[in-house]
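The following blocks contain the structures, represented as structure tokens.
The two complexes that follow have subunit A in common; it is paired with subunit B in the first and with subunit C in the second.
And then the complex of A and B:
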């Protein structure tokens, strides 16, 4: 059997992936390119006794700037194992698409050109004479409508045909007119044996000042410096004579050639005045309607995924809760006065993993809608509308989607937000977006804000909620601008050249493939790593554990609790059934088990079934759990519930003691010298730290905090007694709003940047920023004797003003070789 | 060195994971109902506002206690229990779904 390697290349939105899906059907394999995190999609199929492997290369507009995608694509094409290139072009947008084709011609590889989206082209009144173009270019050309699976066998036949007679289909290199003789001069100097690629290609690339090719030459050719100097001389000469740099001239010629080809092969162009896409765009991109429509689409996206997805989690949660209960039931039973480590660990792991799995319904809807917007072609338009605003802050039109997903208003999630930055072409804006996306209002922060607002700002709740959830947008813009002017200064930036592809109707298959690809990525990357981190965290919080003295105290408390229980039931007629410790232990586990099973039940039938099962297990225990009218049993039930409450309180105490003693506890104290200026004492630090670590959400910690200070709060002398004033509450909220995102987001940033350095930066800068802001608010607020609401309003005005001011500073532009 | 390592690892550990609100209720069989609420990541719902509605009127109002539980006397007729942790984090259960 014959093996054929095919590389599929094309510009974004040309339907390349659809062709890939059509060719390979379900036999696809996704891996990473070595060293980078771009998905490498490959698939195989058998045809005419040949095994054909297709690689779907990343979509790219050209090979001139050095994004990772472009580098990968280029390397892959030039690789000598690649037999055939299939270049997919959008026939309805030919001139722009052929620009890439012109560069492919220079590479001298056997090529098949597929004119895709022929249906749209026809609708637009275009018809082509492909035979003529085949003669001109020397490549095989076919027509396809991949979305409707038209042209599938043509592609397959062509692959076999081209493979048979490879030389025949090596495309003609471009003729660079006035520059050609210079190119030829350099060509002579290049020793062909040391390269797999053509001398023409290398020569052209040298005139384009292509760093990669220059590096290569330096490595391989001993006369490299001589050649490079010669090229430089020629370049200078050319510029003097023709008044244009060779780089610019090459681009110009490629466009001219593309035009030539379009002209040559277009037989009919009954230019309809307006295509359907134009008509839609006249509304969607209308000066006045664009923003309201965009707003409506974002709102719908948000409503459908976050709001309805959240409601779906109410249905899926019982399944996860059941999973948790089931898994834990395999671990050792609880003791009266403690829970075995192994069981604690199992609970901890299940909680960590369930928390992530619980988000799946939201992500399913979200990813589907995004894929829909992408495939329809609205996404580039969304970027186009907002680009003007974003560019002022170092962001890009393409930042819109990541920011929206992360919760530009009330509740999103930074994980899909960071994931969505993947496709961005402007590397500097991509980094700026990735680093600011976590400042948005992630869903997990909402209950926390609500709780603290209800406690301190009952009357001004609405306004405070508005302020806190919109201030983050301004902070994000501000931070992005500052990062762009500093650490991201040297990152490459590209001007906004985004084409607006024709709208097309997506296929369900294409959409679902995208959705499952992304869900799979989420599961694979996030859940596995989070599970690993959860193990480390568990250890960090459990050890060194409780001191011996404290343990003695806790033991005596546990004894007390049991003594009280036995005293209160000693005259009971059922006393003998619980008087042994093992019986009590069994009953505790029985009761907890029964309760958690019943808690997950909402229909009467299942509830009855559970009751029956438990009644069968132990009739007396069942009677104690559900005593109904039995007076003696009721007494037991009452005493037992008291015991359970005391036990829970004791466990809480033990846990707090453990956290305080743990590595985290020490750190809480360690940070006090700094955090005291923001009004955070060591306990709040521990609360924050354990909220980072223990995944005991901030709500719980702050809930406890609020409970603990209830007296001072009610006695209305909070500020003077050093309890938490409304000003302190604002400091805490601002800190929380700006603090680093969850571990999942951090991991995602690592995955996207492929750098621990950037991940560390993404964690540390928000912490510093949050702390400085909290200190600023707390200190100034105290000096001016401001209430929380005043402080919030002034801080808001302050941030908005600064943001507006920095937008006036021009972005530093890295000089680009073009 | 150890301290440094600890700080680094603590920085790696970042804030509360994505979670959603959850609540389940249990008929104690003695005329009272206990609801337990919290978040899907296992975190406590202590301090979260709770209320019971009947005919669109709040008839009982309170908070989750330290054990993240809320116990109330079972009202006669139709009612619903609400765990309110803020916009988008409200869980409601109908009285008829809390079975004895």
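And then the complex of A and C:
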């Protein structure tokens, strides 16, 4: 078998990844380039007795040595083991793409050019004569529409063909006119043995003043200084004669040549839709209209995804509930006095996973709208409009979308927020955005806030909600600035030089591909890992369990409850149908099952159907559940309902005991010596700890811990039985607003930064910050005897002032010389 | 005069680029080379960054970066 190494190269957004996916299908492997956090995607496939390995290199505009991506890409291409370069070219943006191709020509490697997105080009009224271009450039050219898998076998065939006669497909189409003579002169001085790469390439790079190549020469070649001096002389000479520096001349020739090729192979061209784009931009980027339009777009994004998406979950929730009931039905039935571990475990797992799946409708809409904005071309405009504001805080215009998605106002989700940082060019701003995005208003925090607000701030609910949901923006900006001035200080920043491309009409296929890619990433990464964390949490809550003495008490309570039930129905005519324990057990399960199924439906027809099914299953039990006018059955029903209530209360008591005794409870207590300064007791601590898996659980845990013996949880109980003042409540809310992002977000941060270190940082700094803020509020508030509302307002003013002040500090700029 | 001072809708010619390293390379890659024509399209609503047209592409850059490019009207 023949091994062929293929490198896939192209500019960002040229459809390179779709070609990669098309070639390698699902046999992909993602690793890291040594020492850097850039994905190395590779995949293999067999074709025609050859084993072909494809590497998907990072998208890049050029091959200078200034950014890590560019360095990696060019090193990989120049590597002598790399046999063939596939250059993906976006046919709808040909000249810009060919600029990169010209640089690839310099490297003297056998090349295949794939013209991707031919469909889009055609839509734009462009047609090309690729045969002609093939002749002109001396390389293999193929047409593809990767999204539709067109051109797949062509690529494979030409890989084999090019490999057979590599020299034939090395292009020498690019000559540097007046400079060529000089390049050739230097070429003669470079001895071939010390380099794997072509002498032509090295010579060109010397005239481009490429620091990495210069360093290399100094290292390997004993005559390096002589060569470099000579190059310098030639450069001066050239500048004198032609009045332009060699660096600029090289760029100029590349553009000219790209232009020449475009002109030569274009059969049909329509005036680019630039004019239409210009018209749109004169409104969208208008001095006065730009901000309102941006606001309107963000508002619509919110309204459609968060608000309507949330309404959609009303439809999808019953499906998830049904899924849960179905799964649980495969596990052992409940006992009268306890629920088997396995069944508890199944319930717990289904609850945890459903909590995340519940967001799917929202994400579906959100991802679609984001893809729409991306494909239309609005994203760079958004950055253009708001850059000035964000740059003061170490962020970037491109931070707008991630921040918006994570919940600037009403509540969003940090998961798509972190995902949206992916395309950011400025590495430092990208890190700053990613690390602060989780501070924004997570949708799942809202029920928690509502609960606390309803309990403590009935009068001032609106103002408090406003304060709590906007303070996070200022905290995020403040934190971002502080991080930029400290830990991120040495991170690479890139100039804000960004193309504002023409607007495009997106294709539905393109949009849907993006949506499903992202949904899939969410499901694959998040749900699996959250499931794993849920298992850990379950164990932490279950063990070591209840002490023997307590168990005895609970057992006797359970006995009591059954005795009471039997005494109250012993004269009943149906008594004999329930007197066996197994019968009672069956009925409990039957009843619970029936109730939960009925709860999931709102429409009368299905309800009737359910009734029928259950009636068929067990007519007698159905009668007990729905006695109607049957007097005896009604007595059973009444006694039974009482039993169910007592049983529920007992289970809750057992659960509380268990949690208090559990490893998680001990952890909650362990932190009390510190958290007491913020006014948190162990119950609050446990609620925070359990919210780590998914925020939703904090409300449930808090509810369970504070509800005492009441059947339904009322938010008042935390105020009346918790022993909290309104000041304590503010401390709790501030902590909740800042505490670590949920595990799902953390995983996304790990995926994007490819570093556990940053993930750990993203977990720990908000905890410290949240705790310090809570302690600050609680302590100062107590000293000054402030009410909760006062403390909140003063803290708000405090944060806003500091944020405004730090915005005046200039950002440290890392000058990169090489 | 530097690039950021071109009046809106006016065209100028690049005379000199006083940048280094990555900024210079980025400018080159986007077509900012001496002798090329450049047209000011607009300023951002917050006055910074600016949008210019070069080689028929629309490029946005910050004023701070634009100040490293010397231009003159034809």
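Here is the rule we use: the second predicted complex is superposed on the first by the 527 of 818 C-alpha atoms of A that agree within 3 Å, B and C clash if a C-alpha of one lies under 4 Å from a C-alpha of the other, contacts with A are read in each partner's own complex, and residues count from 1 in each chain.
As a convention for this text, contacts are C-beta pairs under 8 Å (C-beta built on N, C-alpha and C of every residue); 3 or more make two chains touch, one makes a residue touch a chain.
Just so it is clear, the structure is predicted and the values come from calculations on it, not from any experiment.
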*Of the partners subunit B and subunit C, which touch A:783 in the superposed model: first, second, both, neither?*
neither
*Report for A:167: first if it touches subunit B alone, second if subunit C alone, otherwise both or neither.*
neither
*Return first, second, both or neither, reflecting whether A:600 touches subunit B, subunit C, both chains, or no partner chain.*
first
*Of the partners subunit B and subunit C, which touch A:663 in the superposed model: first, second, both, neither?*
first
*asked:* Quick check for you: in the superposed arrangement, does A:1 touch first (subunit B), second (subunit C), both or neither?
replied: neither
*asked:* So in the superposed three-chain picture, is A:96 touching just subunit B, just subunit C, both, or none of them (first/second/both/neither)?
replied: second
_Of subunit B and subunit C, the chain that contacts the larger number of subunit A residues_ = B
*Considering only touches as defined above, state whether A:508 meets subunit B (first), subunit C (second), both or neither.*
neither
*Quick one: which bits of subunit A touch subunit B in the complex? Just the residue numbers, please.*
306-307, 310, 313-314, 317, 320-321, 347-348, 350-352, 354-356, 358-359, 410-411, 413, 415, 442-444, 446-451, 454, 465, 530, 533, 536-537, 540, 595, 598-604, 607, 626-628, 634, 637, 645, 648-649, 652, 663-664, 666-667, 670, 689, 691-693, 695-700, 702-704, 706-707, 736, 739-746, 760, 763-764, 767
*If you look only at subunit B, which of its residues touch subunit A in the complex?*
3, 6-7, 9-22, 24-26, 28-30, 36, 38-49, 66-67, 84-89, 91, 93, 97-100
*Hey, which residues of subunit A end up touching subunit C in the complex?*
61-62, 64, 66-67, 95-96, 99, 244-245, 247-248, 251-252, 255, 272, 274, 281, 285-288, 290-291, 380, 383-389, 391, 397, 494-501, 815-818
*In the complex, subunit C residues that touch subunit A*: 17, 20-23, 25-31, 33-35, 41-49, 51, 55-62, 65
